[in-house]
Amino acid sequence: MAMRPGRNCRPPGGISRRGHAPPPARIASSRREIAMAQTDRDDDPAEIPYRGHGIPKLGFENYWYPILRAAEVKKKPKAVRLAGRDIVVYRDDGKLYALDDRCPHRGVKLSLGECSYKGTGTISCPYHGWTFDGSNGRLVAAIMDGPDAPITRKVTIRHYPIREFAGLIWLWPGEMEPSVLEEDIPPYIGRQDEFFTIPMYTDYKCNWRWLVDNWGNDHHAQYVHRSSPELIFQPVLPFALTIEPKPLPSGKGMSFKRSGGMTSAEFPGLGRFPNNEWWRFMKPTGRGNVSGFQESKAHKVYGIQNQSELWLPGLIIVGRLSGEYALIQWAVPIDENTTRCFNINNFRRLGRMREMYDRLHYAVWRGWAHDRIFSDQDKVLVEAVVPGPERLSKSDTGVIAWRKFAGANARRPEPAGKASLDVA
Amino acid sequence: MAMRPGRNCRPPGGISRRGHAPPPARIASSRREIAMAQTDRDDDPAEIPYRGHGIPKLGFENYWYPILRAAEVKKKPKAVRLAGRDIVVYRDDGKLYALDDRCPHRGVKLSLGECSYKGTGTISCPYHGWTFDGSNGRLVAAIMDGPDAPITRKVTIRHYPIREFAGLIWLWPGEMEPSVLEEDIPPYIGRQDEFFTIPMYTDYKCNWRWLVDNWGNDHHAQYVHRSSPELIFQPVLPFALTIEPKPLPSGKGMSFKRSGGMTSAEFPGLGRFPNNEWWRFMKPTGRGNVSGFQESKAHKVYGIQNQSELWLPGLIIVGRLSGEYALIQWAVPIDENTTRCFNINNFRRLGRMREMYDRLHYAVWRGWAHDRIFSDQDKVLVEAVVPGPERLSKSDTGVIAWRKFAGANARRPEPAGKASLDVA
Amino acid sequence: MAMRPGRNCRPPGGISRRGHAPPPARIASSRREIAMAQTDRDDDPAEIPYRGHGIPKLGFENYWYPILRAAEVKKKPKAVRLAGRDIVVYRDDGKLYALDDRCPHRGVKLSLGECSYKGTGTISCPYHGWTFDGSNGRLVAAIMDGPDAPITRKVTIRHYPIREFAGLIWLWPGEMEPSVLEEDIPPYIGRQDEFFTIPMYTDYKCNWRWLVDNWGNDHHAQYVHRSSPELIFQPVLPFALTIEPKPLPSGKGMSFKRSGGMTSAEFPGLGRFPNNEWWRFMKPTGRGNVSGFQESKAHKVYGIQNQSELWLPGLIIVGRLSGEYALIQWAVPIDENTTRCFNINNFRRLGRMREMYDRLHYAVWRGWAHDRIFSDQDKVLVEAVVPGPERLSKSDTGVIAWRKFAGANARRPEPAGKASLDVA
């Protein structure tokens, strides 16, 4: 039976690269704070669409998340926030470490400290020098108490699984044993022998759920992006499609079979949509062509199963018919009102010359046309959502399916004192 | 019997210009939010002076309010806030429309959308193109669902009565049938055949009630404005007046009979007030002369009844003895802590040459001396109010009378399930 | 028996310079607000370390606090905040006055008003001219009501004891009778015949308690300041000291006997601390030399008892072995999240030439090296404290002792209806 990282499922033991012990208890205040934020307050209109599905405000915790580009972590410790947690990330002797960003002594942020003892994987608090081992969170010296201080090794803070991979820093904010990064993330990023990756990110002032909804084949693209430079020489995208969401066999997400639809319609009493699109004569086939995937190189040569997939914990994979490029957009929950939107561009390795061309093409065209202009059209909209009740319609089939799938299948610790029941 | 738009009084049916249906229920979150804001929280010191009178934090809803200058609504939809509500205002084919500024589909602000179908009076949401008829709030197309989408016409959002008149955009935020604008607002603005109007506004960082109190003949003018350029060549305004507030026969507001008072006094142990006013020899009569009104051209020629009046929902009319000019200042409640203070200057139409002179005089003198300098002296003070209990005194007679009058006489819907009782 | 301004102790009656009456009741809203802020909310992690000791969030009230440099109060009234209270400070005819900064009439800030009647010690509200006597808080004229207004002398607002002394403005925010300023503050400031004083201050974005903890011989100096320019030519400060806190006989604070310690140590698995200090060969004795105090000029010639003392309500005195200079750092609670940190430099008067030298030396070296660089190293850290539980260790002996001492011995009004019990 194929491994399926679904609900109540623990990944096989010992797969953590550093095989660390179960994470220590979090400090009380942090635990309470997170718990409060995760709880749906009765009067919070932002929870209305998600409450019933159990999709948490601060994200699904037990997943790997990209959090920084690798080049951003240099000599100095760096403060990041992920799933509402403040975390200090640092690098010593090439290895990465991640700890709760609060010294348990008198509360100062560890991220203001420094790695004074090179090669030991430790970080020292800037206030009185309490020094923590990043690989297990243990206090290894309370410098100002001297080397024989009894407090040493009595104190442990939470450490987080962290990896550098594919030019990105990856963090695992949850309390379950981490999965194998390369196997858990989409294969475009996970197989660096086949693909190379160019990532960038932007922080959105909105909750992560609004951004993922935006990716659920909700027909916004046909409307929002109809005049974006990226699509201007493409055929009109069809709308009013029939969307059939299908869970992936891997359990990691879903794909969407799209059929029917129209590229133009007359609305009684209003007029045509789209209007003023006469200049779209230039290319009769292209991305708008939903039925072409079965005949594509992506499918026939490379064996790719779906042109686009939506994965847990909240990311979309959009491939090209050529099979030589896929964009992954990843909604990383920073806190309740901030989402880091990663655009991870993946190019098939087709030789040195082609790689140079791809990088150049990204630098002069796609990085601007998609990762800035196209994505920013979405940013404006998801940042303009006013929380409250919704009226969903046929075009939300994908969004509704995603919410159900995600709430039912996200990886979670087994509830304490209960047998695992497969209710999916 | 003259119509009297008092408490529990409904204006005659069908007087709305566009005769629209009763407004649809507001969306739940917005309703709750407004309800919460309107409720006096026990611990809110800002409510202490107003709680007993029933003067709501977000203003009396069932009135017309000026909200923008007409020239401010051009091609693009415009977001405004009034009485705590977010409203999108747009213009199509010369007509104005106002809708709740939240798409009921997935919550995006409609004010980011556009009027894609000219001449239809509709606005389309920027996210998936839900298109609403501004004249009744109905969803007329869910563009991305195609023309036959069953959701169409099943959804209605709140629309607001809106008018352009006298160079201003007027909105009615309440749920009662709107009154006839021209009859409900002061005649200086309401009769554009007799007067022309120059408006301007400034947003104050304070609750609207503090600004209206400031207009209740509270003797602040004699103190605050004693050295403003506008009054510098006027006689000293008398203080310690006896104020007799009188409801207007129309029920729309009150006037204030002023008598007695002094223009100078010796305060034991302190000195004179005002001191250093030797230069005020120049003009023995003028605005300070409270008894001159009965002999004025305003009264004898034009039949004006009072030199100044305070009207519901919260505006002051200050006339000149000449009867040829009146200033209307209108406190428009934007939200709990913001008030749009309109200065609406009304000039009697006395021929083309005189109008040119009046406009020029406004541009070079009055617009600066009153609408900026004089008004800004008030702005600094009402923005410096620290909420809490008050100690009212004789000089607050007008303020106290106003609060009682306004609380008792403001137009309100009849309480559901109760016969209308005239308790005024 | 020597007077001991400890718990439940009232200073001898009538010592106030202006001998004013018991302060009037505070206005309700302010009282409630302060009460709420002072109460430990159950869910406020900032209270965890202080709750048990009764150390209030807004400071100990019944003490003199420096609040401004004397030169900062000129002609115009000045708004300050102290212990969460908004207070207007003004000067008339050389005398200082302090009143609650809210006019009881309709709530405007008195600090926007002016002192219109020179020589009377009054301030007039900018809105309607209510005029208050700064020496007792009484309303002496309601200008706009005229000289015979019955409200006059029926209204009193809270006034605060205020003094100018040693180039500083001193305020007493509490409700007890004020102590004699010169006797209650450290003798370096209190005896201006022996010392002259150069003060400066900076506002920290943190609660005052974190700053005082920072002064409790908590061994942060040896760590934080090890590379500050001020200490760079000093011997390394020893750490892992044994701290013996001792209450001062005066009851005003505590001193700390320091013994043992090390200036360097090898930490197993890490390395030496400090590392890279080879250049500290230059001066074998100096501030690091904790045992030298008994032999110092400070002790033998000037009779000073302790090199450093921590006093109520929250200040540290750090002397030099020469006895000719002492720095007083004073944590002044502005509000919950703001602390004014005064650095008050005190130089023994040793003749005109020496004073000129000291002033010059301060201007070119110490004002920069200590009051800026050295102090700002602390500022960064206390502003980086994340509220929550602590894990105290041996190096916190001084901090723990301070918290106990302060909570038990701070001057407080006797609980109503209870006999005074010495529970210290």
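Order of writing sets the labels: A, B and C. Residues in every chain begin at 1.
In the analysis below, a residue touches a chain if its C-beta (ideal position, glycine included) is under 8 Å from a C-beta of that chain, and two chains touch if they have at least 3 such contacts.
The structure presented is a predicted model; accordingly, all values stated were derived computationally and were not measured.
Asks: Indicate whether more than half of the residue numbers at the subunit B-subunit C interface occur in both copies; give same if so and different if not.
Replies: Mostly different residues.
Asks: Between copies subunit A and subunit B, what's the superposition rotation on C-alpha atoms, in steps of 5 degrees?
Replies: 120
Asks: What's the distance between the Cα centroids of subunit B and subunit C, rounded to whole Å?
Replies: One centre to the other, that is 49 Å.
Asks: Among all residues of subunit A, which ones touch two or more of the remaining chains?
Replies: Residue numbers touching two or more other chains: none in subunit A.
Asks: So in the complex, which bits of subunit B are touching subunit A?
Replies: Against subunit A, the touching part of subunit B is residues 27-30, 32, 86, 101-102, 104-109, 112, 116-117, 120, 122, 126-129, 131, 140-147, 149-151, 155.
Asks: Provide the residue numbers of subunit C that touch subunit A in the complex, in ascending order.
Replies: Against subunit A, subunit C makes touches at 43, 45, 48, 213, 218-220, 222-224, 239-240, 262, 265-271, 273, 275, 380-381, 384-396.
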